[in-house]
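For reference, the structures are reproduced in the following blocks.
Two complexes come next, and they have one chain in common, subunit A, joined by subunit B in the first and subunit C in the second.
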Partner chain A sequence: MQSEKRLYSILFFCIVGLFVASTCFARYNPFEIFFNLENFQAFIVDDFFPPAIPTGLKLKAIFQGILTTICMALSATSVAAVLAFVTALFASKRVSPIQKSPKFVRGFATFLRNIPALVWAFILFSSLGIGTGVGFIALCISSYAFMVRAFAETIDDISQDNLESLQAAGASFIQVVFHGILPSCLRGFISWFLYCIEVNLRSSTVVGMVGGGGIGLVLLSYLKGFKYNMSFTIILAIAVMVLLVDALTNYLRKELDLE
Partner chain B sequence: MEPILTFDHVTKRYGNGVCALKDVSLSVRPGEFISIIGPSGSGKSTLLRSINKLISTTEGNIFFDGENVSALRGGRLRKNRSKIGMIFQNYNLVYNLSVLQNVLHGRLGHMSGIRGILGLYPEEDKEKAWTLLEEMGLEKFCYNKAGSLSGGQKQRVGIARAIIQDPKILLCDEPIASLDPSSAKVIMDLLKSTAQKRGIPCLVNLHQVDVAMRYSTRIIGLHAGEIVFDGEPESLSDSVLERIYGTSVTNLVAGTSDEKDWQQAYAV
Partner chain C sequence: MTEAVIRRTASGKMRIDCVDKNRSAGFFLIGIAVLSTLGFLYLDIPWSKMLARVPQMGIVFWKLGHFDFSNFDLIGSALLETISIAVLSTIYSLILSLFFGMLAAENIFKCRVLSSAVKAFFTFLRAVPTPVWVLLMMICIGMGPSAGIAGLCVHTTAFFTRAFAQSFEAVPSETIEALQSAGASKVSVFLNAVLPSATPELVAWTGMRFEINFSECAILGMVGAGGIGYVISTHIEGYEYGTAGLAIFCVFAIAFCIERAFIWIKSKQRAC
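Right after this comes the complex of A and B.
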């Protein structure tokens, strides 16, 4: 108890120290926002408020943008999930038919995962040009890497036992996959898949802003044109989109009894 | 009769240097019901798992059904495994699938290609699964999830899954270690009767000596990877038991509550 308290106070001072050090290093003034609060407030209240009501073509563009963003997130996650499942078989210590593969596959996945989707987007945009297709690939890569790890852990978590019995009966590797691993891990896979959809929907908006298309790009064009009222409307629309999709995934989790 | 299984000077050394089997030689003939007894870590599971090459051995040869198991790989190994039924302490069922599907898993070794992947079992296999489940008294649970069954019922599914393979030998690794005494008795009776009816030899790892005495036609005693006894239950004397378990008989008979429960189960 006593030592725990001391640990916490040491931790607290470390964090304060780090904050001061990094503020000095980056030469920014953390209180700037307070000095400029008035400006900031004026910006929000005068420029953004009230949200503009889109009509006609503008409304259509916004809806199309939202649809594109959702589709990008959904399709990227789905494609990534299928690829990740196949890869995860070789990343799992328990089922991989190749003894040394887990180490390499996991290392590879960790490497891919440590590069955020946004960075992938920039790398790909500069080599392949902009467009929803490239945004899709960027999202795919990052969620693929994430799901490889998650799926492999799920496979390792289920007991080795039921796989052993299938092997003992003479089942081939692919039969073990379809009759042992899939039925016992499907719930875990779906749960990670839904989580990835939520993450990708958010990233897909941001990736869109830097050239991936969808609602992100629509928002950026209004921001660049100083049309803040319309931008505000779009930001609200994005918030509603995220909330709705989260509600949907939560509903699915409950229905599928994943919690 | 020709032996169906032969161990010829088999030794197993694990990577960490543990010698789990030391120069083991034995043969098994059809119709035998053999119990393997020995203290924990004496190599019982290793012996059983080396027969279907879930564990590969270091030295010596194992011959099963006329083939040298140690040399088998790939498709030939699968074929060989499909002739060996195995029953596990933890049942090893896929709990999210139905009882019927779990029983049919026993046929996977006989199937190949897309039908095997999708589980499109022939009609005759399904009928056989039904009959077996009836024999096990589980016909009511065919479509229930395997995870929803009790321990004893799960093990009966395990037996059905092994028998549907049409095996030439049954390997049982502590089939009753996770069961209460009365379901343990049901399982041992079922095991003995189903195997005997079909003339399938059985190798059963047990840690209850009295159960081994009651059911076996032959008992093999392992101590630290070596066979220290191989004979009929009648000749299993106290001094032999002491050699197997490396402790005096009074310690063994002093009676874990487990053994008392067994006696009660039989008294009923």
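Right after this comes the complex of A and C.
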């Protein structure tokens, strides 16, 4: 209890120190937003309301954008999940058939994971050109790296007894994977997969903004054209899309008994 | 044991797994596979064109690997700016959401309408991606780090409020009732019972969000809120890969350090 208190007071002082240092550096005034409140209100009331109702071609463009974004998030996550499953087997200390592989695989995944998806998108755009495919690959890379770590931890967390008994009975690596790991880790894998879909749906909107296509691109083009009423409609559409997918994944979690 | 209990396959092998549970997971996997394939076909990506450009990707990575230290002062100041945006937005939202989390938790004010209203409002805020908020703030406040901080705060507060409300609700009701029966007011119940017992979780959530905020900050620069993202995107667009490579490496290094630091804090927490 004493050491816990000490840890938290050290943390508290670190936070205060960081706060002071960054306020000095960024010269940020939290009340700045209140000085601009008038501006803010004018902007919201005059420019944003009422949300425009899209018709004809515009409606079609919005629907196509949303569909593209969802497809991008879903299939990028699935492709990444399959690749991550295979890689995670080599990233887990207990299962990996090669002795040294966990260190290297984990290091590689850490490297990929700590570079944000949008930076990957920028690197890829400059080499592969702009388009949905590049956004797809950028999403794949970041969710792949995330899932390698999550899957490897899931594999390490399960009880080692059944793996050991399988190995003791002379099961090969592939038999251990299909009869030991898959049945006991499938639930963990699926729940991480659903989480990744939620994250990727948001990132795919963002990646779309810089050139990956989808609803993000549609939104940015309206914002840049100062058509705020239409942008508001699209923001609402994005919110509805995200909420629906969240509700769906929550339903699936309950249905699959993951919690 | 009767024959009915032991399920056997056609070849007479015993089934030892739980059929009902695995079947739903199987259906789910098949459904996902079908939908992903359909989505993949819908996207209609020109793979052959992209494959032809893969050598170019090698060249870009090669160029990114040759760090150019001539603009290091620019990268350094941008990096500091990014870190301070991340720190400030996390801290301000931490303070805000302690308050909103208190309102949203059902076990403190015992007012269902209030807590569901707060929760619904923040769920909406959370559903809109961060860069959208930052873009809107930029339109209102103007370019620069303030817009970045305000925009990030919106999303982070929404995230924290839900997370904190969950942690507060997990506090056993006996603790709260004990204080209430001793005559403590609602605020003092919150400060003396709920907050201390939820602290470890709050620290974990803050750490997780700080990591996310840092990488989001690196992103926000790309939409114009200053910081390291701006440096990366302008230098990549200007084909100055050396500087961009160094900036990306710095982002990686700092993100890695933050991750390590919080893993260390967590291990300390567990040791306590």
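Everything below uses one rule, namely that the second predicted complex is superposed on the first by the 237 of 259 C-alpha atoms of A that agree within 3 Å, B and C clash if a C-alpha of one lies under 4 Å from a C-alpha of the other, contacts with A are read in each partner's own complex, and residues count from 1 in each chain.
Assume a contact is a pair of C-beta atoms (placed from the backbone, for glycine too) under 8 Å apart; a residue touches a chain by one contact, two chains touch by 3 or more.
Here the structure is a predicted model, which means the values were calculated and not measured.
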Which superposed partner A:G180 touches (first subunit B, second subunit C, both, neither): first
If touched residues of subunit A are counted for subunit B and for subunit C, the larger one: C
Contacts of A:L83 with subunit B and subunit C, given as first, second, both or neither: neither
Touching partner for A:E255 - first (subunit B), second (subunit C), both, neither: second
First, second, both or neither for A:A61, with subunit B first and subunit C second: neither
First (subunit B), second (subunit C), both or neither touched by A:I15: second
Intersection of the subunit A residues that touch subunit B with those that touch subunit C: 183, 186-187
Parts of subunit C lying in touch with subunit A, wherever the complex brings them together: 17, 21-22, 24-25, 28-29, 32-33, 35-40, 42-47, 49-50, 53-54, 56-57, 59-61, 64, 80-81, 83-85, 87-88, 91-92, 123-124, 127-132, 135, 139-141, 145-146, 149-150, 199, 203, 215-216, 218-219, 222-223, 229, 232-233, 236-237, 239, 248, 251-252, 255-256, 259, 265, 268-269, 271-272
Touching residues (chain side subunit A, partner subunit C) in the complex: 1, 3-4, 7-8, 11, 15, 18-19, 21-23, 25-26, 28-30, 32-33, 36, 39-40, 43, 67-68, 70-72, 74-75, 77-79, 110-111, 114-119, 122-124, 126-129, 131-134, 136, 183, 186-187, 190, 193, 202, 205-206, 209-210, 219, 223, 235, 238-240, 242-243, 246, 252, 255-257
Subunit A partner contacts - residues on subunit B that touch it in the complex: 52, 54, 78-86, 88, 90-97, 101, 105-106, 108-112, 116-119, 158, 161-162, 165
Of all residues in subunit A, those that touch subunit B in their complex: 159, 161-162, 164-172, 174-175, 178-180, 183-184, 186-187
